[in-house]
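Have a look at these structures, which come just after this line.
What follows is subunit A paired twice: with subunit B in the first complex and subunit C in the second.
Right, the complex of A and B next:
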């Protein structure tokens, strides 16, 4: 417990430090917002297609689909703010040997490397855009706002965040062996976009792969399914178990990678 | 060295640099396949529930062809040299072009051409494979003359996009932090050129505006041509618009660069 408190305190300091740095270089903050607004627009195109064609997927109406697009968009914002910048820097640390410095710090290297930076600008458009889509979808569906819905929605958002961390850290860990990972990066970014649509749109095999092998569908599909009362107990249990399993896997592989690390600079 | 030779050499350098990161190129090509995959399932669901045979004026095979070809075309016309240009402006890299008998615009154009040659060949093979696949599975009609016209319009589209981003790069004369601006311009250009979905999804009013802007002619126009969506008179009209925009963009880029060069301070030794 004391350890958790210590790490929370350190994380608070990281956030404070990042806020100060980003307020000093405001132009970076603004440009981050601008770029992400562009990406948000690209994601919103899917919503335009869904509404203008009136498509329904596996019994989900256009409003229900909007819930999924909204949750995915919001999750993208959270991913961008919490992890993306950190993950992108890992190959750099390995390449130029700056990881040496992080190893010497008296805290977990994985925590230091993967949580050091927090971006305030990039998540803003996606979180606002995503939240707006969720509210619109929720209201148009005429589903009551019960405490159970709210707890379920937030709960599965949290497992989604942890799962995002665990799954999308894996390609970066590869850099300990391969050094250059930009191609792998492109693929993992493309994989992320699979959640732009509810998993019900894909064929059975793709759904099974994305649920049990690389469980990306568990990241942003569970929360809207809770609201729609369509998440079974089995799926809930698997979503929580997969999150724990993949977190352990990412810890294990990071540990393995660190053992393989042999500094790059003098 | 003869005038043409130096640019041929530059084209060769471009080819070599595009071959340097082959694995990376193929992996990024693979990443292009994922959005197509998502769109395939989206359109399958849309057409399953559609009351008419066409959606936004496209039949199912045409829409699939659109999803595949727009992703390939977007990749093909994409640039990336704008960051290098801004670097040249910021760090004084332009200096050598001022004092040496080599023009910056033809140098950049040759380099770009060199980098695109291999991509063009590979993408053409992928495109032919893809449309043949759609032809056999979903019955897309392939007209050979349209394939030839597609290649011609793709070449014009690549050059158009080069000019658009060459003109945008000149912003480096006035601003130093431009990465986000370029990224934003890139995304917006992809959206309004029909790189993700056909611009028809925006409705008639916006479509009319997009019809006169250059962006649509870099992606949607060549794809629609191959997709049998355009009549031969519309193809001719589109090609004329491409040529007119190329001339206009050359003039615009030249003027912006002339003004920018007056601000250039040639830093560095």
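Right, the complex of A and C next:
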């Protein structure tokens, strides 16, 4: 418990330091927000097209689809703000040896490396936009806001965040062996975009692959399915189990990678 | 904790290993705070010949080669010692420091720092040591150094009072009070290094590994950092291992040096005795009343410089006394001095050797 408190305190400081550092560069901060707003607009247009055609996918109405797109958009914001900025730096740390000093600190190196930075500019439009879509979809579906729905929705958002961390950290860990990972990065970024739409849009094979092999569909499909009362107990259990499994896997591979770390010449 | 300790015998320049279990009084001899035994590190790499064709060839076939960065080195450092760790570029100094700080796993051998195996990366170990690398920084670039110090306070779990006291003391010693609120990116290289030192020492480490802390600094900044390290070592009894390419750093701070070349131990002993290993000469400076012909002097030794009235000769140690007697009798001497060969020359000699000496010879 004491350790958790300590880590939370340090994480709070990381966030504070990042906020202060980002405020040093106002123009960059504002530009980041504008660029992300542009992306959000593109996504919103996409949602509007789906919405206006009144298409239904796998028995999901356009309002329900909006719920999925909203969750995905919000999750994208969280991923960008919390993890992406850190994950992108890992190959750089390995290549130039800046990981050296992080290893010598009396704190988990994985925590230090993957949580040190926090981006404020990028996630703001996505989180606001995503939340708006969720609220609109939810209201139009006339589904009651029950505590169970709220807990389920937030709970699976949290497992989704942890699963995002675990799955998308894996390609970056490869850099301990390969140094550069841009090829794998492109693939993992493409995988992320698979959640743009409900998983029902894809063929059965793709759905099974994305649920059981690389469970990306568990990231942003479970929360809206809870609201729609379409998430089975089996799927819930698997979503939680997969999150734990992949988190353990990321910890294990990071540990292996640290053993393999050969640093860079000074 | 290791049971063996070392005592350095300055007269013979040897390391005597003593077993504590044989009832040797501990207070007579210091405990080895850093113990290195047969430490080796190999790196795997591959060669790429010049040109595009070879780059394409490299895509499907790479010849794997092994480099022995550090090869079976042994040394012990006692508590409170300030040891210079020298060697030419690529000798394995930084690799050794990285193994001692737990950054790298060795390929073979043992090491203990304060009784911990560094590469086990135990939290308690990390809390008691620090490494400063002149070319790497831990400070947040866009924030004043003060914010980074506070972050370290939380990471090292320091009490408010202890943190404030240490900070005040270090800030005072390094004279950077006015710079605490300035963003790191706006500081000069020297100022930044001072801040890096504070960040590295804020938790009062018992063991400090310094890898070229004065690299790129001007003479005044180098001097200030040297003075600081000297005081810190004396007052806090910290054990310090320092690598530097600046001889002034080493001569000013370290009585003992460990020299490695091509990954092997080349010398371990007093800095002043480096030349004893191989040099049988002394430098004799002579001042004359009147100009003496060069020819008349070369029979006494090798001419190092000739400026008419003042001459420098390198003379054999063995018959120095007799030859000096002759010089005094025959030549119009006004004044003369006898000096050791500069320590830099001895170190340069060890650097240039193709192979590091075997450990026994080194000791």
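Definition applied: the second predicted complex is superposed on the first by the 265 of 266 C-alpha atoms of A that agree within 3 Å, B and C clash if a C-alpha of one lies under 4 Å from a C-alpha of the other, contacts with A are read in each partner's own complex, and residues count from 1 in each chain.
Here is the rule we go by: contacts are C-beta pairs under 8 Å (C-beta built on N, C-alpha and C of every residue); 3 or more make two chains touch, one makes a residue touch a chain.
Everything numeric in this text was worked out from a predicted model, so none of it was measured.
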Dominant contact partner of subunit A by residue count, subunit C or subunit B:
B
Is A:142 contacted by the first partner subunit B, the second partner subunit C, both or neither?
neither
Of the two partner chains, subunit B (first) and subunit C (second), which one does A:9 touch, if any: first, second, both, or neither?
second
Applying the document's definition of touch, where does A:103 land relative to subunit B and subunit C: first, second, both, or neither?
second
Please indicate which partner A:24 is in contact with in the superposed arrangement: first for subunit B, second for subunit C, both, or neither.
second
With the two structures laid over each other on chain A, which partner does A:232 touch: subunit B (first), subunit C (second), both, or neither?
neither
Identify the overlap between the subunit B-contacting and the subunit C-contacting residues of subunit A.
none
The residues of subunit C that touch subunit A in their complex are 43, 94, 98, 101-105, 121, 123-124, 126-127, 129-131, 133, 135-138, 140-143, 147, 150-151, 154-157, 183, 211-212
Mind pulling up the subunit B residues that touch subunit A in the complex?
23-24, 26-28, 30-31, 34-35, 38, 41-42, 45-46, 49-50, 55, 177, 179-181, 183-184, 187-188, 190-191, 196-197, 201-202
The residues of subunit A that touch subunit C in their complex are 6, 9-10, 13-14, 17, 20-21, 24-25, 97-98, 100-101, 103-107, 259, 261-263, 265-266
Please output the residues of subunit A touching subunit B within their complex, sorted ascending.
27-28, 31-32, 34-35, 37-39, 41-42, 45-46, 48-49, 52-57, 180, 182-184, 186-187, 189-191, 193-194, 196-197, 201-203, 206
